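Take a look at the following structure, please.
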């Protein structure tokens, strides 16, 4: 039993540390490939402004928008009222 | 069985759509009556300012209002900046 | 049974109110001793500013700090970029 | 046609009885009081709305799946359940429900399975109640949030005010005796557990009242919570006459000396002192006061501000919503429309009145022995009802002397009252569970 | 070596089958649509991610402990469980799973105990699903939050627009007939419960669709939710052609009169009116519309702003995260890769189209009788898909006449559509549970 | 008099034993370290407070209802429970508890029913533990929040630093061997599951440690969590001597080149790459890393900011409160006052030291092969302990060369260490469950 425990511990160390190393090595490779691919074929758009706007518009749409709309409506109302 | 399923579908459509229509018709009637009653017998107090203040003081006010105030302040700032 | 209920009620009142009084009396004594001890032997540090800073630094450490660090890093970057 | 019958059979009007209609009115009245009159709206809006939901005829929102199945009235549904429970299908809903409650856990689980297989499920409010109150967790989380909102500074500046917070709890125990009296004289039949749960209304502290009632008398929880919150909102009307009656104008004019500054470290150590006293003397108060002290320590220690902030906002708000709806679910017609409710309402206001009086009288009594006189008006704040009762003390003080600001002085007994009623809650839970 | 085998045996590649790989791709596509194309990202990001997690081979994140034990493939695990359930160890996973589902509650509990003792546990997504959707609570909490975000002002200013919200629900019932038709003609086999759950896609309202599907057809929930949210995001593409086809340019140019100001008190009373109508007529819609009205009352009553704020932010966000992951967990390969999914996708878009058409046509029909003409473009907003559909109405109105701002006018039918589909959900749950 | 006895019998002093008193002191020490010394206060304040609560004599806050009933000592309570479990009433609490644990699920449910009928209930902390940690959900939710707070930019700019994060995990496995060694030599008896759970302290990552311990060695969870968080706070004291010992001044002076800018899209794709690798290679790490990647994707995708914000604030704070209290509940005297705890503390600091050393040495080793030299001081950050370890690297770098800002460079291995220990957690759970 004691020997078994020792054996179990060694197994755990060897396979465990091995898996960690293999996994992170694969992750390094995958990440480098990904970065190269992204930078070559899908770079971030240069002009970010309009895109950001588009995102905001569609973004949280269903949930956030009514409030913003109310704010806008209210602002418009107040603006008109002022004139 | 197939006929039964068809029958079930028709039942579902007829009674379902019927209920939706009846319910929303009753809601239209109830809403109109309510609005008329409220506007005639329980109109909002005319002077809103003091009441709003009172509400702000008691209500959860502390939580929402600052944000709206910032939005308004920002709107005013932008409005001025544009001129 | 009725007598028992009455007896139970009296018991509850006597022991209950007794416990409340004893407990709060002990709390008064403990609090006074504590206050005297704290004020004599562990007064708040006079200069609070640096301590507050130290606290903030250690404070939400594990969780908040990365964000703050990024903010600082970003500020440094912008500062350099401007030069 | 069968479908039309089913729809009609399922409609609310078909099921509506007088009691439910009346309870829905009660719900509307609670909403009116909360929204128009500002009666503790954070709790009474959810409670009132929950009351209406719980009494929607035929929806069964506050019933378990098995109850919903039994109340459906369909023999093809009741039959198998009755059989499973070893009852005749025609034994009547009451008998079958009773058999269900007494059945072994395994049979109950099977009955639940059967009911869900037949298309019935736990009502929404039933689920909320089970999770929020049945488990005991919601009042405790709210107490943690209250602890994170409480400043013990005024109490630490003048620890003697703790006695006022103790004295005012006499309202609790006097009310217990009142309930016992009603029962002994045969007016209304309350058990000792009922009496204790009713007494806690006098603690003038919502979460404590809900916590105690959920343990000792869940049947009465709805009425007790409604009474507690309503009277807390009515403190500005209940307390002043009593306070005026028991004090002279000169006493009301007493100006209290400026409070000393309390150090940060005292504030950090105090919740731990309180916790350790609870641990040594009254462990049955440990859940309530433990969470309270934990919230307060998070507030004062200064190093976990994001936790303290969450306890005071997102977490307490979420819990309040579900606690309120759950309390409302206990306002079902068959429970609330009972002479007991009337008794609870009468005893509850008595509890507030007696607590107020004892607080004021104790302050006067303490003045017999001390040099730094206490304004007896702050005694009434010992009932808790934070911060309403302290504001009432302040208002009456200003009436007597426009320079006499008592608010901070009254905050001492006010938070002491919270501790006091949590202690009373612990001792009642401990004694009552030994009696029954 | 044994360990290496175990690791390999536990690795994902060993377990990967085509279906799971394909579903992980589907998950990535959903994420792409959500992030790049802005398709309802608040739901589709969690759903897409949950889809990938649910299909990780060998992880069993969307399976119960017992299922995980059975799928392990180890005879020393399957044997005892099979024995407990009274099956042969070699009866096959399907047969044992079936026996587990039919076993009495006590035996199920023992099987669960056995599985956990053997080292298996409920998958993470399985737990999320049970708590969030199985209990029915997540869609209801989201509905409360939506209620707290909804302004009924435009609806109250012009209550007749409720008819548009009613008419557009015809899409739901037409789709039910479509599903029944597919089944009767033998193309795809849908039960009446399936048909009802598919129809609700036409309600164009996410939480309602998830709520109904979780009750009537949990197997189809994944596909139904994905269809509902995708088509809601596609409303700007689905609706305009139909709207242009059914209206003349002159009709699209109709300018609607300025709305009247709605008083605060009307807004407070409206959710109560709606609640009471639900209570009297259709209690089976009470959970959904009750929570919706509760959220709206918190918003409008003005005295519980901290609760309303939490319902609109922290609480709805937390619930959305877990709801999304839970829906994703129902996108397992063996459920989703089925002809039924194709049927659901086709019927779903049909539902949107028919609802849109009925809304527009009903607006034109109403114009035959009234003096204050309605611009028929706002009829399409009756399908709900708040606020996308209202914006589409506005956009087409501006195309026809650059001064013609329809947004506020379209908000009336838009929120009416939410009420309408909740009513339709209630009536379908009520009728279908009587049919089965 | 009987009541007085009962009160005395219920009081804490009556029940107090040395162990509990000592543990309450430990709780106070943890609070002192957290509040005065700033030791990871967000976790150690709740843990320390939970420790005090759990050791309140007679309150039974961390025990189940059945345990509370058995520990009451009343024969009229113990008798029926013992009978139900088929034990003699005088068999002793241990034997009855053992019988309870081995009883079939149905009998357990009946025992629970009986205990609650007799007035006992699950302790508050027991409930918190069951929901927060027993279900596994709290560490996962915290990991999601951590993911939403993590910026993978520095890692993506220099992916090779992932190797440092891998190397530092050797501390975990060396500690496993240490625990096995202690057991083999007969010093302290640890099982292989215990050893694995202790090793994870070397991961220097709180939620990962709690997650693993809750699965592999719940008995040791309290000590493991306390060790993990304490040593994370002590990183500025543990690491520098080791780092100085293993590096020359010249090596510490190495300046690293400016990092490249990482694009938004890389940051969006990275969590998906990581997720898919996990799915293919190590599904047992899928819960931890899945939630981590989900949080990070919400952060980076830019379209669900309200969800990301909630995950980083309200949700993680709420979870932290209950996680901390739950961990504290495992600091009961009979579990913590054990030689094992001493072993855990010694092995834990060893794990940190070995991980630090391996990180530094690996950085030096990598410099043998590459042109762009790495400052070996950033190797120590590979143990995680985010962001403390990265700051230590930065500080030592500035000591050697006042222009040498290493912070951003050290963040790469630092977050790599989080991934590395989650992988180690997955592989240990997978192997250990095959061994036992």
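Going in written order, the chains are labelled A, B, C, D, E and F, and every chain counts its residues from 1.
Keep in mind that, in the parts below, a residue touches a chain if its C-beta (ideal position, glycine included) is under 8 Å from a C-beta of that chain, and two chains touch if they have at least 3 such contacts.
Bear in mind the structure is a predicted one, so any value in this text is a computation, not a measurement.
Trainee: Please identify each chain that touches subunit B as well as subunit D.
Mentor: E
Trainee: Compared with subunit E, which chain's mean CA position is the farthest off?
Mentor: Max centre-to-centre separation from subunit E belongs to C.
Trainee: Measuring from the mean C-alpha position of subunit A to the mean C-alpha position of subunit C, what distance in angstrom results?
Mentor: 38
Trainee: Between subunit C and subunit E, what's the gap in Å when you average each chain's C-alpha atoms?
Mentor: 45
Trainee: Could you state the distance in Å from the CA-based centre of subunit A to that of subunit F?
Mentor: A distance of 25 Å separates the two centres.
Trainee: If I count partner chains per residue in subunit B, which residues reach a count of at least 2?
Mentor: Answer for subunit B, listing residues that touch two or more other chains: 11-12, 15, 19, 58-60.
Trainee: Mind pulling the residue numbers of subunit D that touch at least two other chains?
Mentor: 3, 7, 38, 41-42, 106, 109, 281-282, 302-304, 306, 314, 427, 431
Trainee: Mind pulling up the subunit F residues that touch subunit E in the complex?
Mentor: 104-106, 109, 135-137, 140, 144, 215, 268, 272, 275-276, 278-284, 286-287, 290-291, 293-294, 297-298, 301-304, 306-307, 309-311, 314-315, 427, 430-431, 433-434, 436
Trainee: Where on subunit D is subunit C touching in the complex?
Mentor: Interface residues on the subunit D side: 155-156, 159-160, 162-163, 165-166, 169-170, 172-174, 176-177, 179-181, 183-184, 191-192, 195-196, 262-266, 269-270, 273-274, 277, 281-282, 302-306, 416, 419-420, 423-424, 427-428, 431-432, 435.
Trainee: Can you list the residues on subunit D that touch subunit E in the complex?
Mentor: Going by the criterion above, the answer is residues 3, 6-7, 10-13, 15-16, 24, 28, 31, 34-35, 38, 41-42, 45-46, 49, 52-53, 56-59, 61, 106, 109-110, 112-113, 119, 121, 124, 127, 313-314, 317-318, 320-321, 325.
Trainee: Please give the residue numbers of subunit C that touch subunit D in the complex, ascending.
Mentor: Listed in rising order, the residues are 2, 5-6, 8-13, 15-17, 19-28, 30-32, 34-35, 38-39, 42-44, 55, 58-60, 63-64.
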